[in-house]
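Paired with chain B in one complex and with chain C in the other, chain A is shared by the two complexes that follow.
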Partner chain A sequence: MSERVDANVLSERTSQRELKPRPRLRRYLLPFSLVLPIILYEGLLIVYPIAQGIYGSFTRIELASKNPPLWVGWANYERMFSDPAFWKVIRTTLLFTGLVIVVALTIGLLTALLFNRPFRFRPLARGMLMMPWAIPEVPVVMIFIWMLSPQFGVVNILARMLPGVTQNPQWLQVPELAMGWMVLISSWKAFPFYSLVILAALQAIPQELYEAARVDGASRLQLFWNVTFPGIGSTLELLVVLAAIFSFKQFTIIFLMTGGGPSGTTETIVIRIFNTAFRFYDYSYATALGVAGFVVSLAVAFVFILMQARRAQESA
Partner chain B sequence: MATTGIDTRAPAHKLSPRRLLNRTALYLTIAIVSFITVFPVYWMMISTFQPSKYIMHFPPPLLPQELSFYQFAELFTEHPVARWLRNSFLIAAMTMLLCMALSVLGAYALSSLRWPGRNLFGLFLLVTQMLPEILILIPLYIIYRRLNMLNSIPSLALIDAAFILPICIWILKGVFDTVPPEVLDASVVDGCTELAALWRIVLPLSAPGLSAVAVVAFFFAWNEYLYAGIMLSSGEFMPASVGLSTLKAIAQTPVEQYMAAGLVFSVLPVAFYLAMQRYIVSGLTAGAVKG
Partner chain C sequence: MSDQNGKMQTGTGAKLNRRDFLRSASALAGLGLLAACAPAAQPAGGSSADTASAERQEVRYLSWWFEEGNRGDTWNNFVTEFNEAQSEIEVVAENIPFDQYTTKTIVGAQSGQLDGDIVMATPELAPRLIQADLLVPLDDVLVRNGITDLSSAHDALRKDGNLYGLDMVTVAFGILYNKDRYEEANITPATTPDEWVEVSAALTDREAQKYGFFATHLVSEPSDFWFQLEVWCMPYDGIWAEGTTPLLTSDPIIQGLKLFKQMYDVAMPQGADNPTGYRLFQNGDVAQGLYVSAAVGAFTKDAPDLYPLLRSAPIPWASNKSIARIHPMMINKASDAIDESMEFVTYMYNPDNYRRMVEGCQDVIFAQPSAARQEYLDNLEWLEPGYSGVDYVTPFDIVGDFVYNFNEFGQIVITNFADVLNAGKSVEEAMEIAQQQAEDLAERVS
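And then the complex of A and B:
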């Protein structure tokens, strides 16, 4: 390694004397040669499959046959748009994503405000708060399957305290309850992350602003609306988009707990794509659904990027 | 407990009744919030360490009645958990090495060098990181099938690394950004090339960032379920995330073993994620928010 470095240094010096443009070229090319392996790698494993998927959505894919896939034009898309099940999946996805954004961000904001106040054992309490975020999804599913067991689940203790509940509910068999639990579990898993990010934004608000406002006789509520909220507003906006992306991607928890059921009421688009491909072996239709999902997530990612660019401009 | 904490801290003359009430309310709220947040994890531990005669009972006791440790031995003898964990470890280690090597290059180009296309490259990474994994699963599955790359641990590590690499690059870029530019300029004036500056100056200063990248890449692959379940369908290569999901509580696997499996699987990621949380959060928000 060091020999090569010395050689580089040497060549640069001699060339400076001879005024050759080569090292300049080398310096110019360096960033490109650094990122080339990454672009090739991501291109091969992410971009190329996406292109293949877009192409595949216009064909009929027969995995077993050796023939090239049959071109069917827009047939898969026509089927998708005229399929009532597709629109049901879209509604379920919007409902799930919207609820998780609201629930997870509200809990994240409230806990951030709470944990921003000085108190004893704060580092310990903050560490505990991050626990749901740190624990992997498969064990999360295992814990909740056990906690929601109609026979022995500990959650039933709470349910039985409600008036009129004399039996342990079938938590994941009733559509509304199943959706509610999917939202709650996903939010429980996600909120510590939002809480931590909001906490960082809260601590970036200059203390002088609060002191000045207090001198002016502002009440607690006024402090929140006029100092705290503007201070974390742009972070919250960004987190809404990020939460949309994360909850739209949510697969493991729903798949392992309900598989989309009961009778499709928790079947979001990512679950639908999986079921179409690997349960019904309808790969072509699944790729068309995948392209629809791709368009949506690209649009949301684009919003995120625009917001970031605006933030960067503001801070510059 | 919360109120005694205040008494010892604040001198008695400062505690007006109103202040005492406020403090008590604050501590009570914090205690309740922390309790609800941690309860599922607590319940996993309770269900692991108690003999099943206590937990297979409704209503179950909320405090442990008796501790036992036999369930771990039973879990490892009755299920191929050791092999699952070994597979997970191999996938995770390969993913980690790939990501560390590639993210150093990308982060350096993104952080310390000025070149046309830099923003476009950053954008490219941001978009790839935001796409749902399932969208790529089907075409990639078909490609892998055709190339006979299914049921192979290195093939899965290749995919895992492709998904987590953008985040690793963002994390490392954030760390590289903290190296003062004067140090870099000085080294270049001294006749150091940019690559030598990366190797001799930036990397040694970025050890914590590199370990954060290692943690993120390793445990992304360790936790990953969707691709592992599809690409490694044969039992021989099954990693722990997929293996665990095949266990059925009560019906087939006693609850204390079921929960012990979840606990064994979670210990490492929880410990390392908590230790590295600042870096990981900054990477996940693509540096938009300083964690």
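And then the complex of A and C:
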């Protein structure tokens, strides 16, 4: 009885809908109005500035002059490709990015393996592990500038213990040392995040796999290579991409500590873009460099998307 | 069944369906937006002072010096004094750090309009703003104050017969030293560049962290580095550029930069940033530096123990030339408060107020020479001989047409010169590259 009545009600409602079809505009108004804020946000704050930047790279702009922007076509790009400094910056960026990926992920992996083992005060130690990542970059820079001061830095005491070191080293003035410190500080700042993600992946590996391998007589190294490593492989892949993106856009630490010096040794592309725009006021050329940086970022993001798609395909 | 139906209907009536929820949410969001856009509510029964303040025309005065020792105190006091002296204008001081000031102003001007109503300018920034036609003529200020003896440095601030800036502080480079350090080492001030290097070396003991000299030399402090390096064209009477021709490979420039390198090698705390160098000087660990006169006043507050020990050395090169930098106050043409801004500038340039301001800041060069009080100058022990009787030139005299692109030009010089300090390049080699880059700059901006 009840089912029959419900069916009648439904049928009545359906017929009412058929009699009064919802106007097309009303049907689409709600979904469009819901996505409008995000479209406006993306359009005004992301797409428009990028488009403006790309347009600016085809013009010549003189800051605070009465001259209007002048269309120069591909001139900025021709200059960029024939500029040895640009290629030096690209090499520096790749070197810095590569080194940070290796150092930060290696330390992240080792600490994750360590913190995956049970020991006393482990929760406290895990909390402390996150500190470098949690501290904002500017205070970190101030602390390291002080530690590396050739006059007062505490690091000099350690350096003086080494044989042959009789004077305080110029930590940020010697090109090789400066790059080394940039990599170390950036890695120190980033590794806790990688460590935490790897730790989560390690804890997701079923213990049965380890037990089965041990029964088969696997050594510790074999356990790592044949159980642990495949278990966290997809996470490591993702972290390599993330580390590439994070270190590629690293600005604060390098800018505040060396400004890209000495002799451009630590000048990555983002520092170069800033220096070109706001130190040399060569705004148009800076936008061309910005477009180059944007293309590289897109390429990295594209690799990430491909990897995601491949993984989705595999799991399907 | 009917009970069930009844329950269903009641339930439907009481529940908020999706559409109603979205409608309500949209209405609330709309109200929120309106509330956010509405002007802030005035508290009922506010004090008369609040009301008076609300009626005043606000004038935003932008500068980098409101937090600078004596200078900051003096200017903040003048702003307060002016605000209390009348009831129609409220001058608001806004501080922007020096290292960011020029860039922020130039980029702001490019992106729409010059920020602020009254803006201070450096010698590098002023010609740019004048050339870009962003300012209001200030000749009326001179007429209203009856000023007829304005310094000739103002000639660079004129365009089409109008004056666009009034100098509020002229800072001159001179050698400032700690007399105790000189006496301990039994040293007398140098009279030639070579002697200057010897004196500086004699004052240095790196093991004991004692240094003979400090100047900013890090590319991570670009503005300060160029600010200090620009004067190193003086020892051999050179200029950085003539017209649109850079002279970076000319002999006086090469010799001047070699002199800097010598000082860096034998007497400077290498790798020290500007705050560290300043602190070392305050502690007596650095014996001397090429300081602008405006910085000396700051030591009365920052290092009261050091201040009585400060003396200036004579310029140790034959030309007896040094650089004096003028810093004009200007009014933004796009301001909504031009008349009110003009009132404040007129107030500050009243000869009596101007003299009090210069003395408060412990400056020593008067843009209105008749406002100078000899008694005040005689009390400054560090004034003679390093900051008096020197032949001053302005940045406009030493960089030719690059005066409109002074910062870019300077960045080219310091970036390449840093390779001499850190990467083992010769001065000649580095300046060869800098010369080419400066020529490219000239071509780009011409």
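By definition in this document, the second predicted complex is superposed on the first by the 273 of 316 C-alpha atoms of A that agree within 3 Å, B and C clash if a C-alpha of one lies under 4 Å from a C-alpha of the other, contacts with A are read in each partner's own complex, and residues count from 1 in each chain.
One rule holds in what follows: contacts are C-beta pairs under 8 Å (C-beta built on N, C-alpha and C of every residue); 3 or more make two chains touch, one makes a residue touch a chain.
Keep in mind it's a predicted model, so treat the numbers as computed, not measured.
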(request) Considering only the touch criterion stated at the top, classify A:Leu196 as touching first (chain B), second (chain C), both, or neither. (result) first
(request) Classify the contacts of A:Ser263 with the two partner chains as first (chain B alone), second (chain C alone), both, or neither. (result) second
(message) Contacts for A:Trp171 in the overlay, against chain B (first) and chain C (second): which applies, first, second, both or neither?
(response) second
(request) Identify which of chain B and chain C touches the larger number of residues of chain A. (result) B
(request) Classify the contacts of A:Ser149 with the two partner chains as first (chain B alone), second (chain C alone), both, or neither. (result) both
(message) Which partner chains sit in contact with A:Asp282 here, chain B, chain C, both or neither? Use first/second/both/neither.
(response) second
(message) In the overlaid three-chain picture, which partner chain does A:Glu62 touch, first (chain B) or second (chain C), both, or neither?
(response) second
(message) Touch test for A:Lys249: chain B only (first), chain C only (second), both, or neither?
(response) first
(message) With both complexes superposed on chain A, which partner does A:Leu40 reach: first (chain B), second (chain C), both or neither?
(response) neither
(request) Please work out whether A:Leu25 is in contact with chain B alone, chain C alone, both, or neither, and reply first, second, both or neither. (result) neither
(request) Indicate the residue numbers of chain A shared between its chain B interface and its chain C interface, in ascending order. (result) 1, 5, 30, 61, 63, 145, 149, 151-152, 255-256, 278, 283
(message) Which residues of chain B touch chain A once you look at their complex with the stated criterion?
(response) 5-6, 9, 26-27, 29-30, 33-34, 37-38, 40-41, 43-44, 47, 55-60, 62, 102, 105-106, 108-109, 113, 115, 117-118, 121, 123-128, 130-143, 145, 158-159, 161-163, 165-166, 169, 191-196, 199, 219, 222-223, 225-226, 230, 241, 244-245, 247, 249-250, 255, 258-259, 261-263, 265-266, 269-270, 273-274, 277, 281, 284-286, 288-291
(message) Taking the touch rule as given, give the residues of chain A at its contact with chain C in the complex, in rising order.
(response) 1-2, 5, 30, 33, 60-66, 145, 149-152, 167, 170-175, 255-264, 275, 278-283
(message) Residue numbers of chain A touching chain B in their complex, please.
(response) 1, 5, 8-9, 12-13, 27-28, 30-32, 34-35, 37-39, 41-42, 45-50, 52-53, 56, 61, 63, 111, 114-115, 117, 119-121, 125, 127-147, 149, 151-152, 154, 156-157, 160, 168, 188, 192-193, 196-197, 200-201, 204, 235, 238, 242, 245, 248-249, 251-252, 255-256, 270, 273-274, 277-278, 283, 286-287, 290-291, 293-294, 297-298, 300-301, 304-305, 308, 311
(request) Would you tell me which residues of chain C are touching chain A in their complex? (result) 1, 4-5, 22, 26, 103, 105-107, 109-110, 128-129, 131-134, 206, 209, 218-222, 269-273, 276, 280, 405, 407-408, 411-412, 415, 418-419, 421-423, 444-445
